[in-house]
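Heads up, the next two complexes both have subunit A, just with different partners, subunit B and then subunit C.
Coming up: the complex of A and B.
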């Protein structure tokens, strides 16, 4: 089992210091507050959560685009956070990222050939004479003609740009691709195309994915394992099928409830209205002022006395991990 | 909707008319400076004791000065001096400003704080008096003047570049380049700088106008370009002693400075309007 672990994340924390004025005292935003998970080889690990849950921060931490306060990130057993120089460069060949907004992820003043050949130029994995051929092959793999090479990003649609970004992420032959909401800013019809492209690439070259999304229907379709994040913490983590069949954390239940249903799709039990306290808040509290006790309690329809005072721990229960006082009671 | 469109068209035309006017003025200046040796009717340094302080006439279109030198010829040669001072000093200011602003914006935190406090200090010194003080110690060769103007006027550029870099730093394509292992220098030169040049170009064009003014002022005070080399400032300076009897000595170089500065300002302001993204939506 352990041999198949591609990436292990332990106790990862990232706090941002915010200062509203010159003399005001700085306050902390606990974007990622102690997160542990494991990505297995050739599997798709998904992180779901609302905006502000810290899921994109996790992506940026794993890629060393920002540095954490605490924690370890192990890639094939080596600590990524201690890497520098050539070893960091080698790590960057193995782990690549696809961003959410395809309109912001390509340099507007660089031709497509420039964008795709840049990783090759930096890493010199192939001689310069082969750059063009490599770029052409990769463009074909993502379903684009090779004549796009001499064009600028603004000439392409969102879906085409996302294909280009996927091609760029694959240029160095990575083992793990972090996809940070790669479908969220695309049209629904295009989303399906891009998702199918990702699935095909995963099967063709045996990639592992960290797939970050707030769209549960996509996650249900694509992922093997899911972690549900809420205000910087994982509240429930388990195999995708099991988690969708029987969501245990009230927050997971709420997320699955909120997915628009298509007739014939599997339905999940409605939340018991009688349990719902009258003053449940509707919105995500800001990560600047995380509530005491269980961070989810202001919105939780099933909260009871310990929820407002004690933080529930993430504990194994029924073959998955869950942090809720309810499961402890059961 | 139609109102918006009309407004957009008008503002666009206005911006373009300004830019075109400014561009033509600047172009004429370039031609005058480049062709000075061909079109100047006299040697700018040739003294003629028979026609001292003669009024504008067919022989001397803009009159002569107190040594009988032809004012038109001197001004044509002076154009080249003014323009090269403008360009070289702005070139120095832009290069220094980009380097400092880029470092502050890209590295942030301590580097940013230190660099920006230094910029604040530089900005709090009255530039013109600093230039006077420096020129008093060095010789007032044209190269020293260019260097001093350049090294005292980079702060605006550095602030612009810093602001652009701060907003570009977390743009996805910059992060993608970083995730690909691109070096800091590569990210700055290939990904960030090309995307933050528009405001820098505008400020450079406006900066040339300011530099021309400073050079004229220094020459007027007698510590800029030294006679007999002609510059608009020192022609003007010679003119002030004879203002009552030879108005042309002061008026024509003064007008030349005015038109030059106006030309660069029109061009710069016009470019600013063209580059302003708030006007883009209305244009399409």
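Coming up: the complex of A and C.
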């Protein structure tokens, strides 16, 4: 195994059982359907995709908040899925999460000091006498004064709360932070602040990130490597810069073209909209009824005969991985 | 302007409160011409949605406005309650952000569209339902004759938002207020819904007020745009000018907050969006502005026309040549 790899995910699958009504037969939702990727040390690995693509399920699987049907998750070579007791607790110190909604992820009845010292209390990494000092240092690191300790979450704006959540995630000195849409509930001017903060923290303490987002401009700015997910599968994966310069999977192309661009601003030339999804199906199919063949084919403007019958494999092409019959042919 | 459809003239919006009412929108003024898409951009709490509610006549019970809103030259406050009700949903329609919560879950989408037509156009139920099927086809919902019997939960988010559009355009309104119409949608679906809205807008020569926090969305769709902050218009211009030559530090700050690729550093606006009851003295952006001087905190600048059609509320960048 490569020494640079912090986390390796192989063949990860998570199916949920769902019932649509009291008497109906349960059916399966293939939320994550065979996903492989590697997170390198001190790098940002991003998963992008739309709602229902399974990106948040991947995050929760890696943290073992839910258990997968199949697959392996290796953290520094150790199989995470086999851990229990103290070893699992130690793993959870190394991998922390930042959630999307800073309004829902802080206990409204707990003062900020309480929220930030709780991880220390549970994991007993430092003696109690040092709690206050630890909390103060971490608050400073995220750009907050130490007097916020005695205040309650409702006294803070969304951006400040997200800073508090970041501080909480850092309390135990993690090596990997899973950030699940950490910016999407924030205002534009605040998003940039938090993004810059994450970058600074990454550089200061050599963190690695799994960054989950639907916002392509943020991902382009922050990540080193990207996996594009669609209906539980990775459809394209590669280096961020290359993927944005030359998106190859039709879904990646559609995603990048769909982002509204500011026309006239110096740095973003208006791209040519080469193919409009006009005659193709409009909506993302539900993960309950994933189409036959390539899951993207009903929406794909470039589909041809094999797409409706055969599932394309994720194969290397042009220095990245793509699952598309078009690139497989070349 | 001769073909002005909507004119918002010096409107301030207040919330009733013990110990003095709270002003959330401070004397804003803008015109929307016939057939135009006018963008209103701002962050949460800047007053953009409540302004739309005032135009629509659906301010919450504890809110009221001062100033005048004219629709086709007629002052809305002069109309009787019945006349206002006749406009709402008929000549002025609204598309809300959340198609989940703004459709009635226990009525079919067909009935909800038909209801608009029965109320405003006096159509019979059969005719109204038939028209609803056409409208669902207009908003590109596949097999509309079947889908008309669907309940909202049977549809995806993008389809629900298209149902909202169908309801809004049912009476062929002159003005559509679209309040964050695509914020709840995925980006590829957003592109489709907007394309659809644009097509309908052009076909019927409707005017649209597009309220959003997304600068890119406004840039691609609106003809003119107003940037709001703390209940005020800070800068307004035609879209091309505003994005090519933004002058207000807040507009510039917003543009710099958007990632533009790996090699352009992000320059965020410091501080946080102020609450309406806790605004700074003088210019309301002065506490977050990198250029602020002493005089910025002394008096609030006026919204001045710095070149034709380009308005700016800043004493430092007020001149057109800066």
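Everything that follows uses one rule, which is that the second predicted complex is superposed on the first by the 312 of 330 C-alpha atoms of A that agree within 3 Å, B and C clash if a C-alpha of one lies under 4 Å from a C-alpha of the other, contacts with A are read in each partner's own complex, and residues count from 1 in each chain.
In the analysis below, a residue touches a chain if its C-beta (ideal position, glycine included) is under 8 Å from a C-beta of that chain, and two chains touch if they have at least 3 such contacts.
The structure presented is a predicted model; accordingly, all values stated were derived computationally and were not measured.
Q: If we overlay the two complexes on their shared chain A, which of subunit B and subunit C does A:315 touch? Say first, second, both or neither.
A: neither
Q: Tell me the contact category for A:255 with respect to subunit B and subunit C: first, second, both or neither.
A: Second partner only, subunit C.
Q: I'd like to know which partner A:154 touches here: subunit B for first, subunit C for second, both or neither.
A: Touch status of A:154: no partner.
Q: Output check: A:128 vs subunit B and subunit C. Expected answer is one of first, second, both, neither. What do you get?
A: So A:128 meets neither subunit B nor subunit C here.
Q: So, A:200: does it touch subunit B (first), subunit C (second), both, or neither?
A: Touch partners of A:200: none, neither subunit B nor subunit C.
Q: Identify the partner contact of A:217: answer first if only subunit B is touched, second if only subunit C is, both if each is, neither if none is.
A: The answer is second: A:217 touches subunit C but not subunit B.
Q: Comparing subunit C with subunit B, which touches more residues belonging to subunit A?
A: C
Q: When the two structures are overlaid on chain A, which partner does A:96 contact: first (subunit B), second (subunit C), both, or neither?
A: In the superposition, A:96 touches subunit B alone.
Q: Which holds for A:27: it touches subunit B only (first), subunit C only (second), both, or neither?
A: In the superposed model, A:27 contacts neither subunit B nor subunit C.
Q: According to the stated criteria, A:19 is in contact with first (subunit B), second (subunit C), both, or neither; which is it?
A: Touch partners of A:19: none, neither subunit B nor subunit C.
Q: Find the residues of subunit A that appear in the contact set with subunit B and again in the contact set with subunit C.
A: none
Q: Okay, in this complex, where on subunit A does subunit B touch?
A: On the subunit A side, the touching residues are 60, 63, 65, 88-89, 92-93, 95-97, 99-101, 104-110, 115, 118-119, 122-123, 165, 168, 172.
Q: For the complex, give me every residue of subunit B touching subunit A.
A: Going by the criterion above, the answer is residues 171-173, 175-183, 186, 190-191, 194-195.
Q: Which residues of subunit C touch subunit A in their complex?
A: For subunit C paired with subunit A, touching residues are 43-44, 140, 142, 156-159, 186-192, 195, 213-217, 219-221, 239-240, 243-244, 253-262, 264, 266-270, 272-273, 288.
Q: Can you list the subunit A residues touching subunit C in their complex?
A: 50-51, 157, 159-160, 187-193, 195-196, 214, 216-218, 220-222, 240-241, 244, 254-255, 257-265, 267-268, 276-277, 281-284, 286, 299
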